[in-house]
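Look for subunit A in each of the two complexes below; its partner is subunit B in the first and subunit C in the second.
Then we have the complex of A and B:
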């Protein structure tokens, strides 16, 4: 009887959080899955018997015009750059700052500042930097002796994607740096000192002691970087909105355009569902890759 | 000291973020009581009521002065009516209003575009029919059925037109004078000759924005070319009445636009620029021509550098077998609508008078031509607006802006193809083939 009362108490204490979790996370996902099965514009009332199209919306995503596959490829490129460029750079900064250098707090604040600034503001800033006529980038190149046509950083299909990714990666360097810095600071000084006494250089201490110790935080950073890249939207929306001619489109841009410009609520919901599946898949995959194993590769 | 500095930094950040917010609540000034000759039965507006209003008249928008004056007039006339206005930037507004529609959270009164955009809302059964409120104005000749045509669905009126606009070819006459032109080129031969001479003097003839959000700017060039090639009726059949895009005249129009781009008639940087940047370039004298909506008349009339040098004209006829001068792109599109709901009766009465006042002040300020019968002193109408009015006086036919005329899903596909045309990725043949297979 006491045991039963205990379970009831646990359930009652969990209930508010459970309701919030189901209401704010699970229910919208289920609704998105439901809507993704209909040809519906989101404005009129849904007619389940007439509007049901099954998985047709998912197939439509990969037709020649919507080019969801190409947008997905762009998101994967961004994820790759995040993991192999942004994170190592953030880690290097975190390791450097973790050594109690002079002005540590000031550097921390400076690197973290782009995370605090509104993405719209950052977008406007980079629009000015990239402006083909008066942008600081072209002005700088001309000062170096470049005298060709204005470079259209956001208007040329061949370079627009790279141009959009630079600020996207730059903005969150400070975010990952702060996560990793917290980990670096948490490494026991005794471990460092022991390694030093054994004759390790700074590089060897970082490689053999600090990085293995903060592996769980690196895992979190990688998950955030990959899922964040798959969901990337705001800065690209401000800079190019997916243009020129779809060159910088990512899945979220297509989703918004289908939902609110083309009034294709079913297709937009299908993209939302695919993004959720992809984010879960990569979070689990990364978790699996980072699992601690013994020397024989077994858990 | 450090703490004070930190507090100041935080405050600066909060204010900067607040300043970046796109939405803003505005309260009208109560300093103008001229409401003209109104006849609406406004008894419903004599009691305390708060109405919500959403529109796109942002601070820099040419319509803002007209909105402010209209709100002030109505505040004086109906002191018990409180308007809570939310202003949103054009593109964000399209998303916002559709989201609100889907969530049944429409404001009492809202700005919309006539044609298919409002049509989707009407079909969803969420817009209040304004027949009763508009009928007295139609009966006394203040409003015509023709002006209401774009917001009439199944014979019922669902919108109050404010001003109407057409695609206008704005020309900087000082620049044209440098190549020996004292008039806007009236034929394609003249236009080509003028552009070649401008290029010889390192002057860019046309400016056109090509950023993805501003693809509609490219349609301001493409649609008049198509209309002057295949004629207004044929274009209307395609855009409004669902005829096939498989039309060789459309293909040759696309090819003509692309040949102009290839010849260097358009600013190559345009594809990376937004409309506001291109417009500023024109006002700074970088381009000889800028083809866009007549709502720009107010801005050009007030800009110090170009207010005496800009003239308004229309794009020349391309194929005289079908196209004629006076075939125009545009018509009444800017519309005020009312949502179904508890406040619908009061909102409808308010919206009709509000729309009429925006029309009056917008005409005087140069943000458009009057969809309503003109009243009051119009001696202050800007000369540039008068030039556009003269063009409209000789109008043969109007075709509504393509992205307004077509349903949202078709318009989205159409704009994607137009963007590819400007980027040189599809030819005229590809354009009609693609639109034929994807739309009809």
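Then we have the complex of A and C:
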């Protein structure tokens, strides 16, 4: 009797979370997988016997018209830049701020500021910064002596991708910096002192003591950076919406366009499913990489 | 307090010892270089925001050439009037000249309305997420049962699942329930997607509450519910700010769902509203700048007053998680 009561209580305690989780995450994912197997435009009811096309939607993604492959490549480039450029830079900031530098709090507050500002605002602001005729960037370059044609930062196919990535990476430096800073501050002062006594330079202390100690947080940062890049949407949507000529398309932009512009529910769902698989794959892969290279050389 | 003193004593004795050794000092030049770098990066972060404030008060002529980066020569507050009330500002709007319709009674400017909508949606999400996460965490970490670890692992899947995954199915369900263009249509998915993070943070904080308290409550005859409400919930206060800040970061800026689910009317959120407004004033920069400032200002104000608290809460999440 007692036991039964306990299980009822457990169930009731879990109920709100379970309802949200199953109703809005698990069930929709299963539905997405299901939808992705049909050629369905969403305007009429789904007819399971006629519309079934198997995995054809997944193949269609990679055809000449949709070019999902190049969008995926863009997302991977962003992920690469994020891990190998944004994170090391954030780590450097965290390390510099982690050892009682003058104005530590002020720097922290300023660096975290862009994270709090709405992405749409940041996007609109950068649209103005990049504006070919009147934008502050071209004006600045002219002041430095540049006198060629106006650079169309977001309109020129060859540089648009880079231009879109700059604010994307810039905005979240503060996020990673603060995560890593939390780790750096958590390293016990004794450990630092000990290394100093052994004759380490600051650089060596950071490299041999601090970074290995905060590996768990670095791992979280890397996972966020990679999955965040795969999911990236807001800023690119505001800045270019994938243009010019698909140069800045990422998977989520194609997904939205397929779903709500082309009414291709099957294809849109296939993209959603691929995104889930990729996010899980990379989360597990990164977890695995960090496990292998533990400081003690074992699990 | 005493423990702290002890540590301090130990540290100072360590420092005494160091004087006997040769401890390498960081190169002074390098330190200056690092400091200059930090200031440069701070400038890069602040400049766009400064620029936004100044061009929100300028005429196109000033923005486009005469005075690109300086403070406005003539402070053009009409830009704000336009951002609030549409072309022509408040006077024309009140006279009903905008689209020929007479408007009865007082109406909030759209952008303020949208700001309030965003606040309502974000706050509701935070509350639901905290409530559901605390209950679930209590069941998983304070009550012993076989599958509790599995349940926890399942919820943690939510950390990696992209929000896009459920866009279409949730959209179809919500539209068939007739819930499009309601607050609920965003609050529910946002709550579901911030749940994993909230549970993660909650369990970090709940671990710090000694289990002896539960046992004492049990001995005093309190059941699970009473223990939860009287013992655990009051002690979880420090977790609230942390969950709040992470959930805020997830919902406040969200564009994909907000764009599809509340595409029109008076329930629209701030990001969608700012995006639409910017589309209307493509060539007039002043009003756009004003709208951006209006959209940012409240957040900025809160941040200026509570920046330490916000950062500490964020940091607590990183450490507990």
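Assume the second predicted complex is superposed on the first by the 270 of 299 C-alpha atoms of A that agree within 3 Å, B and C clash if a C-alpha of one lies under 4 Å from a C-alpha of the other, contacts with A are read in each partner's own complex, and residues count from 1 in each chain.
Methods note: a contact is a pair of C-beta atoms (placed from the backbone, for glycine too) under 8 Å apart; a residue touches a chain by one contact, two chains touch by 3 or more.
Computed from a predicted model, the values in this text were never measured in an experiment.
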item: Subunit B versus subunit C as contact partner of A:243, first or second or both or neither; value: first
item: Partner chain in contact with A:290 - subunit B first, subunit C second, else both or neither; value: neither
item: Partner chain(s) touched by A:256 [first = subunit B, second = subunit C, both, neither]; value: both
item: Contacts of A:44 with subunit B and subunit C, given as first, second, both or neither; value: first
item: Which of subunit B and subunit C A:76 touches, first, second, both or neither; value: neither
item: Subunit B versus subunit C as contact partner of A:52, first or second or both or neither; value: neither
item: Which of subunit B and subunit C A:120 touches, first, second, both or neither; value: both
item: Subunit A residues touched by each partner, larger count belonging to subunit B or subunit C; value: C
item: Contacts of A:133 with subunit B and subunit C, given as first, second, both or neither; value: both
item: Footprint overlap on subunit A, comparing subunit B with subunit C; value: 42, 116-118, 120-121, 133, 256, 260, 265
item: Subunit B-facing residues of subunit A, complex; value: 41-45, 65, 116-118, 120-121, 130-133, 149-150, 152-157, 240-246, 256-257, 260-265
item: Partner subunit A, residues of subunit C touching it in the complex; value: 10-11, 14-15, 17-18, 21-24, 26, 34-35, 37-38, 41-42, 44-46, 48-49, 51-52, 55, 63-65, 68-69, 128, 131-133, 135-136, 138-140, 143, 145, 151, 154-155, 158-170, 172-173, 188-189, 191-193, 195, 199, 223-225, 228, 249, 252-256, 260, 270-272, 274-275, 278, 285, 288-289, 292, 295-296, 299-300, 303, 307-308, 310-311, 314-315, 318-319, 321
item: Residue numbers on subunit B that touch subunit A, as the complex places them; value: 13, 16-17, 20, 94-95, 98-99, 101-102, 120-121, 123-126, 210-213, 268-269, 271-273, 277, 407-409, 411-413, 416, 419-420, 423, 425, 434, 438
item: Residues of subunit A touching subunit C in the complex; value: 6-7, 9-10, 13-18, 20-21, 23-25, 27-29, 31-32, 35, 42, 93, 96-97, 101-102, 105-122, 124-129, 133-134, 136, 139, 170, 174-175, 178-179, 181-183, 185-186, 189-190, 193, 196-197, 199-202, 217, 220, 223, 227, 230-231, 233-234, 237-238, 252, 255-256, 259-260, 265, 268-269, 272-273, 275-276, 279-280, 283
